[in-house]
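Look at the two complexes coming up: chain A is in both, with chain B in one and chain C in the other.
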Partner chain A sequence: MNAVVDFPVRPEARPYLEAFGRDSLARAGREPDWLTGYRKGSLARFAEFGFPSRRSEAWRYLDLRALEQRPMLPAGAQRGGISAQIRAQLAEMALGRPAYRLVLVDGRLAPALSALEGLPPGVWLGSMAAAITERPELVRAGFEALSLDAARPFAALNTAFFADGFVLDIEPGVVVERPVEIIHLSSGAAQGGSLHTRGLIAAGERARASVIESFAGAGHYWRNDVIELNLAAGAELTRVALIEEAAEAWHFGEMLATLGAGASLSSFVMLLAGRTVRHETTVRSEGEASRCELNGAFLLSGRQEANILTTVEHAAAGGETREVFKGVATGRAHGAFQGRITVRPGAQRVDAHQLSRNLVLGPHASIDTKPELEICADDVKCSHGAAVGDLDEAALFYLRARGIPDEQARRMLIEAFVREAVELVGTPLMREHLLQRISRRLASSEE
Partner chain B sequence: MSASSETLQTLRSLARESYKYGFITEIDAEAAPPGLTEDTVRFISAKKEEPAWLLEWRLAAFRAWCGMAQPDWAKLQLTPIDYQAATYYSAPRQSAGPKSIDEVDPELLRTYEKLGIPLREREILAGVAVDAVFDSISVATTFKEQLGELGIIFCSMGEAVREHPELVRKYLGTVVPQNDNFFAALNSAVFSDGSFAYVPPGVRCPMELSTYFRINAAKTGQFERTLLIADAGAYVSYLEGCTAPQRDENQLHAAVVELIAHEDAQVKYSTVQNWYPGDAEGRGGIYNFVTKRGACRGARSKISWTQVETGSAITWKYPSCVLEGDHSVGEFYSVAITNNRQQADTGTKMIHIGSDTRSTIVSKGISAGRGQNTYRGLVRVQPRARGARNHTQCDSLLIGERCGAHTVPYIEVRNPSARVEHEATASRISEEQLFYCRQRGLTTEDAISLIVNGFCREVLKELPMEFAVEAQKLLAVSLEGSVG
Partner chain C sequence: MLEVTNLHARLNDGREILRGIDLSVKAGEVHAIMGPNGSGKSTLAAVLAGREGYEVSEGSVSYLGRDLLVMPADERAREGLFLAFQYPIEIPGVNNMYFLRTALNAQRRHRGEPELDAGQFLRIVRARLKLLDIGEDLLQRAVNVGFSGGEKKRNEILQMAMLEPRLAILDETDSGLDIDALKLVARGVNEQRSPERAIVVITHYQRLLDYVEPDRVHVLQRGRIIQSGDKALAVELERRGYGAAEEAA
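Let's turn to the complex of A and B:
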């Protein structure tokens, strides 16, 4: 395998290079050449970048040593039927009401659990593996657009290794009324391994849809998910990510979105469970008067570690960005938010606001927040606010004075705090689902 | 014509106005040969007749510096600096030390006069003790006797090393260690001179201490080292102001300022910085890499930084407070103006270590022309800092479509009882306000000046009287060439 590359390979990348060699033998002949080309190219970049150090701004608040020291190599396809455990996970995570559903178990499509019937005309929803043969141009364009840089080594690793994922392709003018649900589950069979999934949503002009992606699982695994969103002029998309991984799991999510003129993206990220969870959103507003709403929250306990990162780049005039992020850390947990809004020269009349509010509730808990503005145009309205503190003593006293026990009163206040952000989710069905998951999480962490 | 395009025109015409304080004083300088090696460090130390411990201290810094790289994390674009091409020591040639002000080289005195600091006038009228630093060596210190009666030591660093070695040795490098960062290490190795002040317990310094720095000899980097100590219950207010002659080459400046406040002590440090910013195309101008840090060592101590930054081609400066003592207070008030191709990456660090510590940050950035203005700040609450409080307010004003304003705050909280708040805004001058002023007969230039002064008011009011007037004048001058 070492013959494939002719530059110094970072030591922590070596095991992945070797795994790729084994993998490519198994994959040989089953994938188009262009894809093999992307995979090899990306792997070479990953080998060159290696793991990011904490000197890298985008990674300064995350401890990657455990992952760096013990490689978690891509898990192969699992055999056997759907276990009862998977069915239980699905029952937990699925939306209560009808939705188009695509389920991925251990990173691969599980047709038996998915429900794709009745999609409106002009909508294509299916697994990434199927899209590679049925929608090659679309998939290829996605790979072409993804720029690989040292701050995103795991996106490169994802391209090299992704086994499956999903593609949602909506033709211009088509409105998908029912929510689209993508559920990622893990059976625990990939013990000590990594799951790489790739998503792609292409919304044509004035198309409209809402998508919720849920992540859950069992055991010790590393999920490395990359999703690209491409919104054409006037398209409207809601994307919600609910991350409730297994207690010992790692989760890195990378979302890259491009907005055309007048397009509108509404994103919500909820980090609830997992040992180490990181979600990064990068939005490039390329068309005039696009609108982007990025909201989210993390609710951490024990020794959990979570990072939410956002970058919004206004390359065109008249754009609007709204961000509200809430963070709660109890126990020995550590949470971080890093948000950046960039206004490129000439992108006049941008209106951007960013808010990061956080609660540090454990004696050993910690929170970092870094809201950043980078402005290179004068006719703008940009602001940000950040706050870190404890629960409001007066509110707590008020509740306790009415006979509510301390623990319960605290839980109520935390829930209300997080709820403020969740309320911003526009799709009622998804909003209710999130609130329910949050309540359950708070109840379980109390036990 | 709309108000803003008119503004831009005024701006363009005025931006060409030359730097008012650009002149060179021709005076014989005794300089070290260019380049930096251990021998340079030894040369400087020998020139200054320093004790062996200080030479060792410098050499340790030099060795640390050799192993360091120039930091690149700031949002600055600069041409690489050739540290071997610079001269690290130059002193105005004077036979013996001046016994009184009358013995000072008249050429030097005239330089100060051009800058509007008539030394003798000040001595009598303003009641300000001026420790004027011309290039590297202090040439005159006034009001020394009066301060001496109170037990206050205010002198040049060189003199302090000779006269009060025990104090210098006890405190030097305790706030900013030799290997703190690249520029601090460089300064520690080659620092030329600077100011030293010690205020004994319970003494309130009756006057504002002040020093004027001025870079003069060509290719001479200036490496001041300032050390101020306020002992228990003492109070001192220190003023620092700078102007530099016009020159076509980037001049390196890497100063270190250390402040120490013991129990119940207060240190107020104010700066007006107006070094040559380079011409409209960004040629020339001072590179200013400064490490300023204060340690609130004792309980209820307070350190307050106020800065008005209008000059320099490059500003890299983060006056910080380490709040060690319980109930100690840190403050940072800043106005930074960048015009033409000036770049400023400035801010502060507030490190909360003691319990019930408080800090306030108010930063006002004004960008015009192609200026790039970055606020970079860190508020860190350590695990044992119970009840820490911070409030940060950070506003940017953009004038012209090619300038940039950036805000990079880091907030790191390790204690649940902390309350940290940060607010930032960025916008251009309100058309409405401009219209209102112009309607009442103000010229665009005056209107902008008025609005900008209002925008900075929160910071300017923190300046001591002596400085407030000068700062406002300076703001107006900077605005003349920049915003109208």
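Let's turn to the complex of A and C:
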């Protein structure tokens, strides 16, 4: 079946190794050798690392046992047309107004649902599968740069297995006015399987764009998404992730960004639905005076588990980081925020601030918040604040004293709490969309 | 409309704040409650509105023939009880207009009336704003956030004007207002006056009572109503202070 395995294999990785072997025949001839090379190398790394243990700092808050005991192997391509269910999901998740749209169903491009016409000159937007043939250098450079350390075993698994995804490549000086939306849907056909998608955004010097990625689906699946962002000098990028997966689904998202001099990244991550959801952002500020705004929120109920992680590494001087994260947990939900800011020696005049505010509602919900500042330069301004609390009783009474029923009053206050973070999203269309999804979610989840 | 009988209430730490209040308010009446700082006026208002954190150890309150004390705060409000807060609460992130519409619709739903959409609501609220000379920008901001003291009080009166309560308790709505604002608040209160409604104003000043004529005036001291009378009592209190009332009691 597969080639001789000359490296140690962790038992939980074995089924994935076997699946890779089974697929290798189908892959042969369809993909360039360099890609197969990366896939094999990454698989070997995954086999060696296996699943992260809870002793690993980046995974201490998630319980992976269910995933470890029952492998969720990569789902194959689905035959057949677009179901009514997928159309309904799309109608829910799509922005109301014109946008460039790329839709992936079960991890693969759905051309019939996508709208890529009218892109300005100098902009390439297409599926990852197409980019591998049409823009091999760009894609290759991304794989080259990704460091597959032990803390990122699932990024390695993603490299080994991703079927498709998207690439947005913007030439220097080009401004994409309309929002770009990437919508990931799942039909439920991948029942018990995993969907590995790979994204790449390369913004040339002074290029500008805003991108929203939405994730939704049906059934029991594991989505393992990796996206790389490359911002050249002076580029400005907004990236919003709206994660609203099926109630039983798992979602791991890994975002790796590199910022050139004077580049500006504005990121917002909204975790709304899914059984276990994790989003990790790693930003390397490599050019001087870059700006990085990382904001987000999670809104959890039932038995949901969610984890937002951010790492910002200031390797150059004059960088600025602003973070605001809000968390809400009700029922038996558990959320965690881990935010690390590192200032390397010589990276002077860095200005970084992080805020993590959380609401824990009810005796069985919990939220952990863990800021970490690691500063190796002397002329820097770094601060953080973290708070975990309950709803403001006085505000709740005020609303109730006007006749608003208790449940509804609580929802209003939760929404207001999350709204404060969402207001930081600079693109009005995306901001409104997020707020709408949040109030829908609150209206539908009776705690 | 409201019958308060021998009402005793204490804080969680056991301190008794209300020590046997008797008060009877009939439909169509306006009552004024006066009394020194810390005498328990706001506590009485809070207990009537259903605020948690007070234990009623003795006595009863009947409102429209029902036992008020067993009703949750939001139900009391939907049944037409309104409290204008001495210190209105700031609620970041909740738009004032949205808040008002949600409150009004909650009450309309309760009465079996159709809910108002944003357009219908706007027409009604605009008419009220005009009447009370309140700028529309107040509606676009978060509830009470960054409002001046006077704006907060006007916002309370606006809420009362929109919700049209059966029983309104105004806790020092006249404090901290300039003379024009005071007249506006008085106008808002007088607008509400009708044979089916009752109003209780808690105040330190005779001035409001020049514009809103009370049927009864009560003096609350150390958790008890020590004296009641007609509006002449307010004039006398203004002149002689509470010390005299205490001696008379």
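Quick note on the criterion: the second predicted complex is superposed on the first by the 442 of 447 C-alpha atoms of A that agree within 3 Å, B and C clash if a C-alpha of one lies under 4 Å from a C-alpha of the other, contacts with A are read in each partner's own complex, and residues count from 1 in each chain.
Criterion: contacts are C-beta pairs under 8 Å (C-beta built on N, C-alpha and C of every residue); 3 or more make two chains touch, one makes a residue touch a chain.
Treat the numbers as computed from the prediction; the structure is a model and nothing was measured.
In the superposition on chain A, A:Ala416 contacts chain C only, with no contact to chain B. In the superposition on chain A, contact of A:Ala387 is made with chain B only, not with chain C.
Of the two partners chain B and chain C, more chain A residues are in touch with B. In the superposed model, A:Gln408 lies in contact with chain C only, and not with chain B. Contact with neither chain B nor chain C is seen for A:Gly37 once the two complexes are overlaid on the shared chain. In the overlay built on the shared chain, the residue A:Leu399 is in contact with chain C alone; chain B does not reach it. In the superposition on chain A, A:Gly173 makes contact with neither chain B nor chain C.
Touch criterion not met for A:Pro136: it reaches neither chain B nor chain C.
Within the complex formed with chain C, the chain A residues making contact are 392-395, 397-406, 408-409, 412-413, 415-417, 419-420. The touching residues of chain C, when paired with chain A in their complex, are 49-52, 72-74, 77-78, 82-83, 85, 88-94, 99, 102-103, 106-107, 110, 142-143, 159, 163. Contacts from chain A toward chain B in the complex involve residues 57, 345-346, 348, 358, 360-390. The touching residues of chain B, counted against chain A in their complex, run 73, 381, 383, 396, 398-428.
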